[in-house]
Every structure is written in C-alpha cells, then in structure tokens.
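Once you scroll down, you'll see the structures, which are given as structure tokens.
Here subunit A shows up in two complexes: once beside subunit B, once beside subunit C.
The block that comes next holds the complex of A and B.
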C-alpha cells in the first residue's frame, strides 16, 4: 500500500508543477548600475574574432561588443548615430563623405585610434581572401581595383589628419553610411594586425566597450569591460560570459535554473510555454529582424509570366497558418521590408487570404481548373512545415503543389539559373536596415546575370529600375523613403514573390537584466544593458 | 490464483486494445489530417483535451486520439508480424539444436549467443540504416525484420532447453527404438510437448517487441512518417512536456498499458504451465 501512495504522490507532483515564474526579480535600482556578470550561451561556436572576417550571428555578439565603428545604430532603432565619429558631412554632389573622429580615442591597450586605421580596415576587407565584405565597398573609388588586385591601396580613402577621414564614392549613395556601421570597418592598427598574424582571429585589439579576457574555443568566451572606453552609457556590465554549443532546449533549462541570464530564440515548445505564463510576459523581448521569407517565381517562365497567376498565389496563401506554425514569431509580409525599415509603407497590408479571388484570377489567366506547380524548398524543419502548409492552402484554390526538398547548397546553386526551378522557397537577410540592401540585388535588372542571378525572379522593370536608381542617390531621407514606398507598391502589384513573413527575434531575459531588447540590426546587443542587483552584487529572489 | 486474475485482467486489456485497433479507425477523425485553422491556438500551441478532440491536438493540429488509435493498429500489427517471424526462426533453430545436440547444437547456440551478446538496439539501428537505402524503406518491412532479428535468439534458447529434455524422455526414446524417423518423432512427439513453452515465448516476445518498436520509433527508425506510432508520437511531443503534456502522457500511457497487458498474460500463462494442478 505504501508503494501505491508513493506513486500517487509522484504523479500528483508531476501533474501540478509549482509556480514557474521567474525566480529572481530586479533589485529596483532607479539608475543604471555598473558591474556584475552576464551569462549567455549560443547554440553554435564563435568562429572568429577577426572583424574583417566575422559574418555569422554567433561571432557578431562578441565582435560588436569589442569593435566600435564611425557610425552606429541608436538603441532599439535603425537610426544612424555618431559613434567614433563626432560628426560627418556629405559634399553637395553626395560623392564625398568627410568624418571627424572624437578626440582622445584609444584602443584597449591605451594606444591612440587614428583615422588611417580605418583605411587599414577597408583595405583588409578588400585584400583578405576570407573576407566576405570586400564587395560591399565597390561604391568607393578605387575599391574595385584593390579587389581585383590591380592596386595595393584604396585611392578613394584619405586621412588628411589623425582625426579626419575622407571617402570618395563612385556615385552618390545614401546607403553607404550603413556600410560604415558594420564591424569590419572598425579601426585596426596595422602594426597589431601584422604582429598578430594568423593569430588575429583570437587576438582582437578592442576599440569598443568590451575586450577579450579568455576564449576556450568551442566552450566559452569571456569579455570584460574595456577600461579605456570613454562612453559611460555603454559597457556597464563588468563581464560577459558566453557559453558555446548549447542546444536551445539546454539553454532554456539552464535559463530557468538561473545559470543563464538570457536566452535567444527558444524552441517553439519553450516559447509557447513561456508566452503562456503571465509572470514571464514582461521578459519576453521581440523584434522583427532584417529578413523576409516566402517563395520566388521566375516571372519569365509560364505560368508565372502572367501577373494574375502570381497575385492569385499571394491571395491563396494563408499567412495565419504561417504565424501558427512559427509559434507566433512571424510577422506577415507584404513586401521585402520588415517593420522598422525606412521606406516601408506600413499602410499597406499583406495580401489577404482570399481563395475566391485567387480562383477568379486563375480562371481569368486561363486556368479555370487550377494547375499543377512544382515547388522546391530546402531541407529544414520550418521550411518543410511551411511547404506542407502551402500545399494545403493551394489545394483550396485548385493549385496542386508538388513539393520537393533539396539541400541548402543545392538550392543556392539552382535558384539563380534562368532554367532553374521556376518556383521555389526564397529568403533574404539584409546586411543593413536600408531598403537598397533589400531591393537592388533582388529586383534591379542589373542584378540579372547569366548563371547566378541574385535577381532570381528575373524581374526586369524599367520603372522600378528608375525608382531604385533615383532613391540610391537621394540625400534627403524623407524623399528617399517616399521613392522606396513607390518601389514597394510596384513590387506589391507585380508580385514576383509570394510574400509570406518576416521572422522576429525573440529573447527571454531574467527580470534583473535591464534596458535590453534585441536590436533590429545587431540582434543580441548587451552594450547598453545593466544588471539590477542588490548592494552586494547578488540577485534578489522573489 | 493471483496469477490467473492477473491474466484475466491482461487478456481483457489486450482484447480492448485489439478492439480499439480494429474498430477505432472507423470511429475517429483522420489521424493524418492537419488542421491549422481549428486545431491550434492563435499562437500555434496544440489544443488540450476537449469534446472535439478527446485527447487534444498535436503541433500540426492533428487529433491525438485518432493518432493513438491508428498507432495501436500500427504497433500491434508490427509486433504480431515480428513475433511470428521470430517464433518461426526461433522454433526451427531451437528444435533442431535441442533434438540433434552435438556439434549442430554447438554451432546454432553459439550463433544465438552472438545475436544475444550484441546490443539489441544497436543491431536494430544497424539493420534499419542498411535497409533504409532499399526499396523496402518506405514500408513497415524493415521494422518488422529488425524486431524479429533481435528477438528470435531468446526464443531459440528457451525452446532448445525444453526440446533437449523432451528428446531424452522415455516416450521419445521408445519411439526412436521402434525405428520412427526423426521427422516423425519431432512432429508427433516433441512439438506437442513444446506448446506450453512456445506460447509463453510468444507472449513474452510480443511484449518485448512492443517496447522495442516504441524505442525504434522514438529514435526515428520506426515506420516512416507521417504514419502515427506511439514511439514517434512520444518523440514529437517530448519538447511540449510543459506546454502540452497530453502529447507525452497519451502515447506514454498507451505503451505502458499495452506492455503491461501482455506481461500480465505471460505471467498467468507461466504459472499455469509451471505449476500444474
């Protein structure tokens, strides 16, 4: 009998878990406090700390914390603000940018930061074989020559003094400032680069609020405050410990036990659970990322050469299904630009789910009995789930979708070919929160090439080309945004994509992590956050 | 007496399971039908038990009760197939080894030792991986074969032991002295003596196979999706243990009940064979 009662007790406990709200709370300090250690984790490894090479999200966290750039984004926004530069000026023709560095800037080792160190970085990006950033600089005069190996130095970049940098552009380009916010443009002292040699990837010379304290590769990386950093509003947390290679499920369990102070992108089951707990709600932080997902169509191939077919497919996709399958992390898309990017027309809504209208458009286009379409997607749990949902949605409008799954690398190699699959999964992750970063490579007719078009819809529209070209050179932000809203409208009507959703970043933080939200550009950016601990630096229990 | 009662309970449970597996699919919803519109909350969470879905829905909005019922059919038919196959193989090897003895017995029993010494799950994973590349991969055949392969050894050993003692019993010696052929002796005099041990072996194997099938499905080596099996349902639901506990409790309980039912039957049979009244 005893045993029976023990079983009952265990079952009762299992069925009625104790309250699972946060175990700690904010101490309640009125103003930001310095100090403390922040514990984070990534599911992958940090690949490199060389700013000229680091390009993946896991490396970006430490890289952004260690390296400051001329300009940066304001907290929680895509607005450009001065960082190392105290101010800048564009010439009247928009082709020359002139920057003045703040006085007294130094690296973590106390040596001064000079304007020429930025030219060193630009040249490294152009000449380092593993750097993915070189092509982003081709708008700079002389950059193409360096990239092609025809010149050793960048003709369009000059440092008239230690605090002055002048950049000459090939043509006016309002989006170029965004390039100068990317960590690869951080000043790098040439002597340090030379001395570190092959070891540079693990011997960063920090210019930002943090510097490297230790890195046991594949295990953990530790950052500590850079004592030479001048801005008191950044780098308040004393120490950041980043554990590597922990699965999202493990991270979430550690987070609940208090071994981690924040987790990013919990798995769907964990996310559904945490968002269903009112006590956790204030600590779930969401921000749409610079991305868009959907399906692209080759508009030169039947039946996608008919705009009515393309629109019909947009009307036939139920975005509610997407939102559900992605556990609420998806924002329905009506075009390329996610919320928060200038030039997005927030008054425009995603194509509504309207199967009647879709069927009518298909009938008008000559497919009253529907049609068969092949759809190529990538081997990925989410992509496959969404393809199955699309299969179901399209069945309701008479479109019989035949889904095939290929590896990511196969998909990359076939979609840009004119004779590749006419309908396939599509995604775009932009480098900068600027419309040019979303449109020029995807829909400008210049981006159509023989074998690997980044314009893989093979969409060529002189009207759109004209708007994009005008917008790129337009210095006035308001006028530029208006131009991009026109571009968005053209693409919305022409529908070369089936737009589906923008994926949001979701972080869950402990209540004592203050002033933090995922940054629209940087994602996990803790440079402005602080820990609300008691007088002894300890966490306060509920 | 207690064993008899247990066997009755076991039989009743098992009969109920078979009935559910046979009749259930006619009465439940389509176990493969996804329903993103009504089968999930607005945020996409599986629904808990309700009048519409007795055991709630899974992350794709499918009816868990319908899947559980369909899984009963899958699991029971796979277990039956694998048990039959294992029984045929084990019986043949066991009888030959036990009756003939000598070097034949030595060779056969060492083979059995080998298959028993090899970790069953590892062997199953190996065979499943090999068959995965063949045209059989999309059927249930690999699973049945794998489960039979890891189960026949014990049956062979049990039957061999019994066959050996039967072979030395007076009436078999008498038949042999009268000049009966080995074939006739085995068919007429040995096999009938083995019915008890065969039954116990079959039932015990059935229970073990049920468990192994769940383990294989949990590891993704069971019948290919979207076929619902209890092991796969457990696997797919495991991450939802907090937000939708019904996804693990339902298939978990089903496995426990099925295996317990068969074990109860086996226990009853064993006591009735071993303690003749």
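The block that comes next holds the complex of A and C.
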C-alpha cells in the first residue's frame, strides 16, 4: 500500500505545474550594454542565406541581420530611413533616384562596399532563374530586357562613382523605394558571388551588424557581431543562436525553462495563459502585421458574379468571433490594408455581422432558400479553425459550406487558375508597408493571366485600375493616400473577398531582453535589442 | 559431370549453407534495386497526381506568371511527368540526386546529413525495445498466472494503445520540463550531450515496440515451454531459469529477430512524429517537409534511400535468422 501511495505522490508532483512566472529579471542597467548570447528558435528551417533567393520569414531573420540595404525602416516604424545611403534624391519627374553611400562602408571581411555592388545584386535577381525578386524590378529601365535574357546588364542602373548610384525608372513609382529596402538589393561583391558559386547560400558576405559564425542546417544557425559594422546602435548582442525546427509548443516549454530568450507566436493555449499572467504580461510584445486573412471569390463564376452574394457573405461572417478564436491577437478587417498603412480609411468599419441583411441580399440575388458552396482551405490549425467558424456562421444565413482541406502547396497552385476553386481561404502578407504592395498584384486587371494569376479573384475593374495606376506615380503622400482610400472604397463595395482579420505579431521575451518589439516590417528584428545582464554577463534571478 | 563436392555426402551440409546464403543475398540485393526503382516511380506518379505545382509552392502566392514560368523551365517542370522523371533519372545516372527546390542544397548531401541522426535514434530505440521488452516477456512467461504477468499485460495494453506523440509529450513534460533531468528537444553536441538528448525520443519511439516485443516473446516462450525438449530438460534437473534462458529463449527469439528487421527498416526510413516532437534532425522530418513543399528531388531521393534501407534491413534480419536457426539454411 505504501508503494502505491509513493507512486501517487510522485505522479501528483510531476503533474503539478511549477511556479510559472519569469525566473530571471533585468539586471537594471541604465544604458544598453553590449555582449551576451541571445537564444532563439524557429518553427521551420532557414532555407538559404543567399539574399537573392531568401524570401521566407524564417530565412529573413538571419538575412536581415546580415545584410544592410540602401534604405531601411526606422525601429518600430514603417518610415523609410537611410541605411547604407547617406541620403537620396528623386528627380522632379519622379523617374530618377540618386543615392549617395556613406563613406567608409565595408563588408565583414574588411573590403569596401561600392555602389556597383548594388547593381550586381539587382542583376543577380534578374538573371537568377529561381529568384522570386526579378519581377519586382521591372519598373527599372532595362530590367525587362535582362529578365527576358535579351540584355546582360541593367541599362537603368548606373554607378558614376564608388559612392553614387543612379536608378532610372520606366515611370514614376512612389513605392519603388520600398523595393530598395528588401534584403535582395543588398550590395553583393561580384568576386565573392563568383568565388562562392553554388555555395553562396551558406557563404554570405555580410554588410549588416551580424555575420554568420556557424550553420548546421536544419538544426542551428549562429550569428556573431560583424566587427566592421560601424553603427553602435545596431548589433549590441554579441551572439545570436537560432535553433531550427522546434514546434511552437516545444519552444514555449524551453522558453519557460530559460533555454530560449524569446518565442514568436506561441500556440493559442500558451498565449491565452501567458497573457492572463500579470507577471508575464509586460513581456508579451505585439505589433500589427502587414497581412490580411479571409476568403477570396472568383467573381467571374456563379454565384460570385453577383455582388449581392459576395456582400451577403461579408455580412454573414462574425469577425468579432474570429478575433476571439485567435486569442485576441487580431483585428477585424474591412479591406486589404491593416491599421497603420497609409491609404487605409480608418472611418470605414468592417461589414457588420448582420445575418438578416445577409439573408435578404441572398434572397434578392435569387437564393431565398440559401445555397451550397464548396470552400477550400489549407491544412493549418488556424485556417481549419476559421473554416469551422465560417461553416457555423454561414449556416445561420442558409449557406451550407462544404469544406475541403488541402496542403499549402496545393492551395497556392490551384487558386490562381480560372477553373480553380471559386471560393477559398485567402491570405496576403505584403512585401512592404505600402498600399501598392497590397493591391497591385491582387486586384489590378494586369495581374490576371493564364493559370497563375495573382489576382485570383479575377476581378477586373477599369475604375480601380485607373486609381491604382494614378496612385503608383503620385509623388505627394497625401494625394496618394487619398487615391488609395478611393481604391479601398471601390473594393469594399464590390467585395471580391470576404475580409476577415489582420493578424498581429506576438512575441514573448524574457525580462532581460531589452529594447525589443516585433518590427512592423521585419518581424523578429533583434539588431537593436540588448541583454540586461549582471557585471559577469549572467542572468539575474528574481 | 558430377562434382566431387556433391559426391561426398559429408560435405553437403557444410557446402550448401553458404551457397544458399549467397544466393539469398544476391537475390535480395537484386530485389532491393527493383523495389527502390518501383517505389520511386510510384512516388513520382503519386506526387504528380496531386494538383500542387512545385514552382508555385516554391515561390508562394506573390509569384507572377513570369517568375513561375522561369522556375518551371529551370527545373524542367514544364515538360510534364515524363520530363520530370527523365530529369531525375538523368541526375541519378550522373551519380547525384539533384538539388532541393526549396533550399538548393544537393539532395545527396542533405540525405547524408539527415541519415546519421536517424540511425542513432533507430538503433537506440531498437536497443531500448529489447532492453525493456525481453525482460518483461521473460517475466510474463515465467510468472504466468501471477501478479507479475498481469502487471506486464497491463503495461502492454498501455504501451500498445498510447501513440508515440502522447508518450513523447508525456515524458518530455515530466522528465524534461517538470524535473529538468533531460533536454526538452534537440540533438546535442558531444557524446554525453547527445546521449542525454537521445533518451526521450528513443523512449517515445520504443514504447510501442517494447510492449509488442514483450507480448510476442511471452507467446513464443509459452509455446516453447510446452514442448518435449523442455520437459526433457526439466526432467534432467535443469532449473526454471536455465530452461527459460538456455533452452526456450533461443528458438523463441526468432520471431523477435524478424520483427527487429522490419522495425529497423521502418525506423531508418525516419520517424516523423518523434523527430518532429523532439526536433531530432532525422530523415522522417525532412521527408515530411519535402512532401508538404512538393520538393520532388528530395522526396524521390529520400524515398529511394528508405526503400533500399527497408530491403537491406530485412535481408540482415533474414541472415540473422539463418544464424539463429540452422534448420532454415536448407530451405
């Protein structure tokens, strides 16, 4: 009997949760201290460190830390600031951009960074077959010719001196500066690219605050401070260790045990728990993301060719319920643009949840007894949960939703086909905090083509095309924002999407990680953070 | 003409056994190649039947039609199933397995990097299955009808019913998170650290097999214990422990050896769930990622290696059986 009780006692102890507040605190240094090692993890693998190829969020963390660009975003903001460039000027017709590089810039190996190295990068993006970035440069003169293999060099990019770069655009484009903040435009020395060859994906020549120290692919990547980097405000932490392929749940357990210093997007149960703990609450850092989630409809296919049906589905979805399902980390969406992006009309509210109005609109459109719809979504915990919510909401307006779950790969392959699923899950994560990055590829009629349309609603509206074209070339920010508000209104009324929500980025950090919050564009950007440790570089217990 | 070897009846037994063994090896290796080819071809057909386009999967929702076309042409994805298959075969003929669409890493290098962690996990799990399963099977057989045998039966039911992710999550929670005795996840550096990281995933992977082995061994031992030779041994005064360990265990172990062969083959193909749960950088997790991303060269390379490993592991198990039971050599 004694033995049984001992077993019960051990089991009870094992299952009894330990004290789960933070175990360590900030040491209390008044000013940022250099040094220390930051332990992070990622759910997936880092695929490549070649800036001309890297495009996924997991590769972006090391890539952004290693590669500086002409322009960048200010800490915690979407405002463009000079980075490698000391300054820049746009010509009066908006078609020429002239940049002056800072003096004394060098790579991690001590060799100088020159303006022509940026042209090398632009040309690499255009000539590397599997670079996703080439098409983003077609606004540059001569880029299309290089892309088509008709020219070897980019006619619209010139380096009159080692510190001067001139870019000629085919037409004025106010959004082009955002392209130059993307890591693929980082300077790349041609000799290094040639010497590294196929190995470039794991032999980066850093120009940013960090450089690669080690990479055991699929397991861990280690960055250390680039000693040649001149900006003292970036790269304060000495070493960043990024462990790969740890599930969110495992990451959170390791975080609580102090094996990780920060976690990104905990699973909903962990998130609900951590936000409910007063001891942890100050260390939950959120930031609206550049994204929108919902469902897209092929507006050329019945019944979605009738605007009343599309509007009815928007009225029939309870967005507040969605936000609750997402553990409060989202805001309802009324269109593509999340809060904080210029051109968003904050006075416009999301379609209210109004089942009566939805039913009336459906009846008006000829479906008084409701209708059956197929809905394709992706195999993802969140997306499946939302499909279930949508199924329930739509049942209340007489729409019987038949949900199919497919892999991301299948979904991304079929939605852009004219004969693909007419109604499916939709998401859009913009490349830049600029309205053009949300609209042009999604709703301009130019983006409808063949069987891989990025405008997968197949929505073509000359009025919208006109507004988007005018806005792209508009140099005055206020006038441009006004044009995008018009675009938003047109889309709101025509409802080619069922807009659901904008997801926030949520990170939980240890109390000694200072000056960190997810960046609106870069997400996990630790280049400005520091570790508040004691004089021996150790963590201080509570 | 009559061979002098065959003419001598005393030499038949000794000479025939290695011939049968080498014929078995040759036949099985031949089959390994055919099986690998068949499995890879079937995999190609299956992956192509899915409407997922590797180019779109690689580039994501932002990809313009031009970018998609470029990637399709670059990886000969625009030439239909036959074209893709031909491209892959051309790589194999050149002695490499192509490069991953997603990471551009050579597939042979990628599989080689993932194979060693998988081997360690599989071997550790098999050893654990034996270390736990064999003693439990022996206890259950020796103490038939007593509380020890009933306790083993209960443990078997629990072990066989609990999926590896449940066992894995539970041991990770208790021994890693709660008590902090072992790491929660990862691979570790150096022998000591690696072994510490290996314990929990190996246990999670072995829990089912250990209980299965215990059950199989109990059944086999029970039938062996009822045989005449056991009665003879007992009559000669051999103690129960001697009967069990020296007489009954060897013939009863044949079934376990066959199981080990199959298990080793399956585990060396990668243990997706356990590898994912414990962030163990093995083949299974890599293959799963490749399947989700329609990364054809990785899928084909991984499946080919897994098929060869399964066939080879079964061959090794058969050879071990021949060693254990000489009667089989003449069949």
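Definition applied: the second predicted complex is superposed on the first by the 522 of 542 C-alpha atoms of A that agree within 3 Å, B and C clash if a C-alpha of one lies under 4 Å from a C-alpha of the other, contacts with A are read in each partner's own complex, and residues count from 1 in each chain.
Convention: contacts are C-beta pairs under 8 Å (C-beta built on N, C-alpha and C of every residue); 3 or more make two chains touch, one makes a residue touch a chain.
Nothing here was measured: the structure is a model prediction, and the numbers come from that model.
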Touching partner for A:147 - first (subunit B), second (subunit C), both, neither: second
Partner chain(s) touched by A:326 [first = subunit B, second = subunit C, both, neither]: first
Partner chain in contact with A:130 - subunit B first, subunit C second, else both or neither: second
More subunit A residues in contact [subunit B versus subunit C]: C
Which superposed partner A:454 touches (first subunit B, second subunit C, both, neither): second
Partner chain(s) touched by A:276 [first = subunit B, second = subunit C, both, neither]: first
Which superposed partner A:427 touches (first subunit B, second subunit C, both, neither): second
Subunit B and subunit C footprints on subunit A, overlapping residues: 15
Of subunit C, residues touching subunit A in the complex: 50-54, 56-68, 70-71, 73-75, 101-105, 110, 113-114, 172-174, 176-180, 183-187, 276-279, 281, 285-286, 289, 292-294
Residues of subunit B that touch subunit A when the two form their complex: 34, 36-37, 40-45, 59-60, 239-245
Residues of subunit A touching subunit C in the complex: 14-15, 18, 44-45, 47-48, 50, 53, 55-56, 129-130, 132, 134-135, 147, 198, 201, 217-219, 243-247, 250, 253-254, 256-257, 259, 407-410, 412-416, 427-428, 431, 441, 447, 449-450, 452-454
Subunit A residues touching subunit B - in the complex, by the definition given at the top: 15, 17, 20, 249, 267-270, 272-273, 275-276, 318, 320-321, 323-328, 385, 388-389, 392
